[in-house]
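In what follows, structures are represented as structure tokens.
Shared chain: chain A. Partners: chain B in the first complex, chain C in the second.
Showing the complex of A and B:
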């Protein structure tokens, strides 16, 4: 099933989705685009390259309240926060970011403990993937091709969207997506020419090149294990690192968090907040000991986690090559160059 | 436009000479990044590293930020533009580094650009100076004849707002904050260990990126840099969500200058205004 709508009428589609549930879509902010819950359908803006923050916050918010309580009262009086989710529509996600949800599922929805918050949101959500605009040039930080992802991959989306001049073509990919699309009666059906355009666009996406290196999972994992103790290498590649949290916060596959209690005037909330392995106090132990005091140790941890430990443990690299960490790093540290250099070392 | 190629050549030449002669163990400069627009801070430690040094209009980073990372006594050569040299002076005043351990490679320059936006940053987010305030070796001809712009000129629009409008402005801006702490990490004057915001006993603010904590973090940081901010603009450029932190810092710097007649990091023999007491100091704050 393929449908289409004019891009300047996207707010009408947004309004329909808002009637059906919660719509999360890119909006233009002063500094760039970001995903946000849409309250005014006019705000949906598809004229973007990629968002600053990854869409992971739709399932794994930066701050998630678990329990509200009163200090000194018995635990039975504490009130867990209930999610009460409506159907969610995550609209306009780039293919590399769609891929990141599959990696995050490993941690929140498969291996070991299931995270009820992630799972409930994930199950309530229909993902509208959105192909990169092939007529525009690729950002020099992106390298999703290296991770086997292409600019117009519908894989992982429920509905996949492609821009055709001033129109938006929408195709149902999964059962869930097809069902939803059939319910969207206000937008018109695509014609045979649109179907052809859509299929060709997907194919052409493979020729839209980001930075690329031939990256064999086993080779890079082994290599990073071999050079773990090569302090010279890690000191050199991390010499500019400020050890701030930009790279991890904008990353679609970083999932570390801290659980904290915030109490004020006798009322408290237990919540989780994103944390970053680049922060000095990330590994600070209660005894005062800190196993990772040096900047190089922390950067090494981040890169090894994504390209080595994660492969050993879950069989997949925990990076989708969206380029955000490189693009927003205040000192332009580039994970791609570090991996490239590691292989050569 | 400044002659960036010439500066790069001189930077390499001096770095090579200093490392060869053993006068310094590290040269803090710039190297190429993943593309032309994104050079990176670089620490050259041997003659073999010299070839990696670059200098172009996107080399904004304030290399003084990295000085406190090296053990006291390390002999360091550091490439400094105007604002960066002020950071070095301020760090010397605060006894974080010693003058005799530093070789300052001064870079007189204008027309530096923000790699994210491409806009020229002179005076908007830097101190409006072209020539380093302090240097040992100058890597290019001193810049003269550029229009002199007050570093506080950009404040006009902000100062015209009334109290409510300012509150609204900062509330909106600070609500964007994702608490990545890139601003404090990029700041050459932010060297507290631990930073107040990381302390757990007492805990000064919550960790979540929401209004009260964001306010607490930024307002405290703004004021902790009173009389110390040297106006390099690195905090604002480091910010992934483009909070114009420089505006607040400039406003505080301006008030400090008006009250105490001294701008941060301009003279080696100055004392930081807030640790110095002079009988003639302004009492405006008490009025």
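Showing the complex of A and C:
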């Protein structure tokens, strides 16, 4: 099933989705685009390259409340926070970011103990993937081709969207996506020419080139294990790092979090908040011992986690090459170059 | 932890507090479960840990000091932290009285490998405060239903001073038993100390436990571990047969928050118990 709508009528589609549930879509903010819950359908703006923050916050919000408690009251009176989710529509997600959900699913929704918050949000959501605009030039930071992802890759989306001049073509990919699309009766059905355009667009996406290196998963994992104690290498590549943690916050696959109690006037909330392995107190123990006091140890941890530890644990590299960490690093540290150098070391 | 949500603690009540040391900063807290169902579900083995949870302060991962053979309660020996970093939870816990309620999430982590230890001679080596899950293991093995499953049990336990030895009544009781060889040492004794003096590594060398069909289970401060391991290598214990329990800063305790990894292993779920052979394949990042 393929449908289409004029891009200048996207607010009408947004309004329909808002009636059905919660719509999260790109909006224009002062410094660029970001995903936000849509309250005014006119705010949905598909004229973007990629968002500053990744869409992971739809399933793994910056703050997730666990329990509300009162200090000094019996523990049995503490109230777990119940999510009560409406159907959620995550609209306009680039293919590399869609891929990140599959990687995060392994950690939060498949391996070991299941994270109930990620699972509930994920199950409530229909993902509208959105192909990169092949007529525009690729950002120099992106390298998702290296991770086997293409600019118009529908894999992982429930509905996949491509831009055709002033129109948006929408195709149902999963059963869930096809069902939802059939319910969207206010938008018109695509024609045979649209179907052809859509299929060709997917194919052309393979020729839309980001930075690329031939990266064998086992080779890079083994290499990083071999150079773990090469302090000269890690000191050199991390010499400019400020430990600001921006790379982890914009990253679609970074999931480290803190659990903290926020109490005011005798009432409080235990919640998780994003944390970053780039911070010096991340591993500071009560005894005062800290295995990662040095910047190079922390950058080494981050890169190893993505390209080595995650492979050993879950069998997949935890990076989608979206380029955000490079794009927003205040001192231009580029993970792609570090991996490239590591291989040569 | 609650049945439906691993982040929600279950309620427990402090039924007994034992002041373990003369510096007053290490206490054993005995907890009873407020709900019978929680008690039934809290099935653990020696070596596991749990998150002690005080709303408004936070959570601390602490090794379980009681043995699963002690039914009806669970014990944790907790040091008041705060000399270097603020120990919010441990300080708050130390300020509580019997009858107070706190939260508990667990049991968490792997355990001492009971199956592997069965029919073997067990050499338990502990130093200072790091004796808590070893005490759990010893009491588990000494229980009348379990004792026959294990070979000889040798315990070498040391503290800096006699006043810093934990579980003094139990240490005295073990010395009287014939089915456990218990060697207690202090770095420096006082006027009333009639026992052995000397550092744990030197005592291990002196006792020289046989590696034959034996497993060494070693926990202590890093400096003790550093000098004890060569003694056991010299005694020809293999890396597979030297076990220890690792510590890393933790938050969730269930392998999700990304904090306590050593290489590809999470101490909270793949550990805290590792053999030296396990650790050999991991980066030295702890």
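Just so we're on the same page, the second predicted complex is superposed on the first by the 345 of 345 C-alpha atoms of A that agree within 3 Å, B and C clash if a C-alpha of one lies under 4 Å from a C-alpha of the other, contacts with A are read in each partner's own complex, and residues count from 1 in each chain.
Keep in mind that, in the parts below, a residue touches a chain if its C-beta (ideal position, glycine included) is under 8 Å from a C-beta of that chain, and two chains touch if they have at least 3 such contacts.
Bear in mind that the values here come from a model prediction, so they are computed numbers and not experimental data.
**Student:** Touch test for A:297: chain B only (first), chain C only (second), both, or neither?
**Tutor:** A:297 sits against chain C, while chain B stays out of touch.
**Student:** Now for A:66: first (chain B), second (chain C), both, or neither, which partner does it touch?
**Tutor:** A:66 sits against chain C, while chain B stays out of touch.
**Student:** Looking at A:315 after the superposition, I want to know if it touches chain B, chain C, both of them or none. Which is it: first, second, both, neither?
**Tutor:** After superposition on chain A, A:315 lies in contact with neither partner.
**Student:** Would you sort A:76 into first (chain B), second (chain C), both or neither based on which partner it touches?
**Tutor:** It touches chain C, and chain B stays clear.
**Student:** Is A:273 contacted by the first partner chain B, the second partner chain C, both or neither?
**Tutor:** A:273 contacts chain B only, not chain C.
**Student:** Looking only at contacts as defined up top, I'd like to know whether chain B or chain C touches more of chain A.
**Tutor:** C
**Student:** For A:108, is the partner it touches chain B (first), chain C (second), both, or none of the two (neither)?
**Tutor:** So A:108 only meets chain C here.
**Student:** If you stack the two complexes on chain A, which partner ends up touching A:258: first (chain B), second (chain C), both, or neither?
**Tutor:** In the superposition, A:258 touches chain B and chain C alike.
**Student:** Under the contact rule defined above, give the chain A residues that sit at the interface with chain B and also at the interface with chain C.
**Tutor:** 258, 260
**Student:** Taking the complex as given, what residues does chain C use to touch chain A?
**Tutor:** These residues of chain C touch chain A: 2, 4-9, 11, 34, 55-60, 81, 83-85, 87, 90, 101-103, 222, 247-249, 251-252, 254-259, 261, 263-265, 269, 283-286.
**Student:** Show me the residue ranges of chain B that touch chain A in the complex, using the header's touch definition.
**Tutor:** It comes out as residues 33-35, 37-43, 61, 65, 69, 115, 176, 178-182, 184-186, 193-194, 198, 206-210, 234, 237-238, 240-242.
**Student:** Per the contact definition, I'd like the list of chain A residues that touch chain B in the complex.
**Tutor:** 29-32, 52-53, 62-63, 140-141, 239-240, 242-246, 249-250, 258, 260, 262, 271, 273, 276, 279-281, 295, 326, 328, 330-334, 336-337
**Student:** Under the definition above, what is the set of chain A residues touching chain C in their complex?
**Tutor:** Of all residues in chain A, those touching chain C are 66-67, 69, 71, 74-76, 78, 80, 107-108, 111-113, 115-116, 225, 228-229, 255-261, 263, 268, 270, 272, 275, 277, 282-289, 291-292, 297, 301, 304-305, 308-313.
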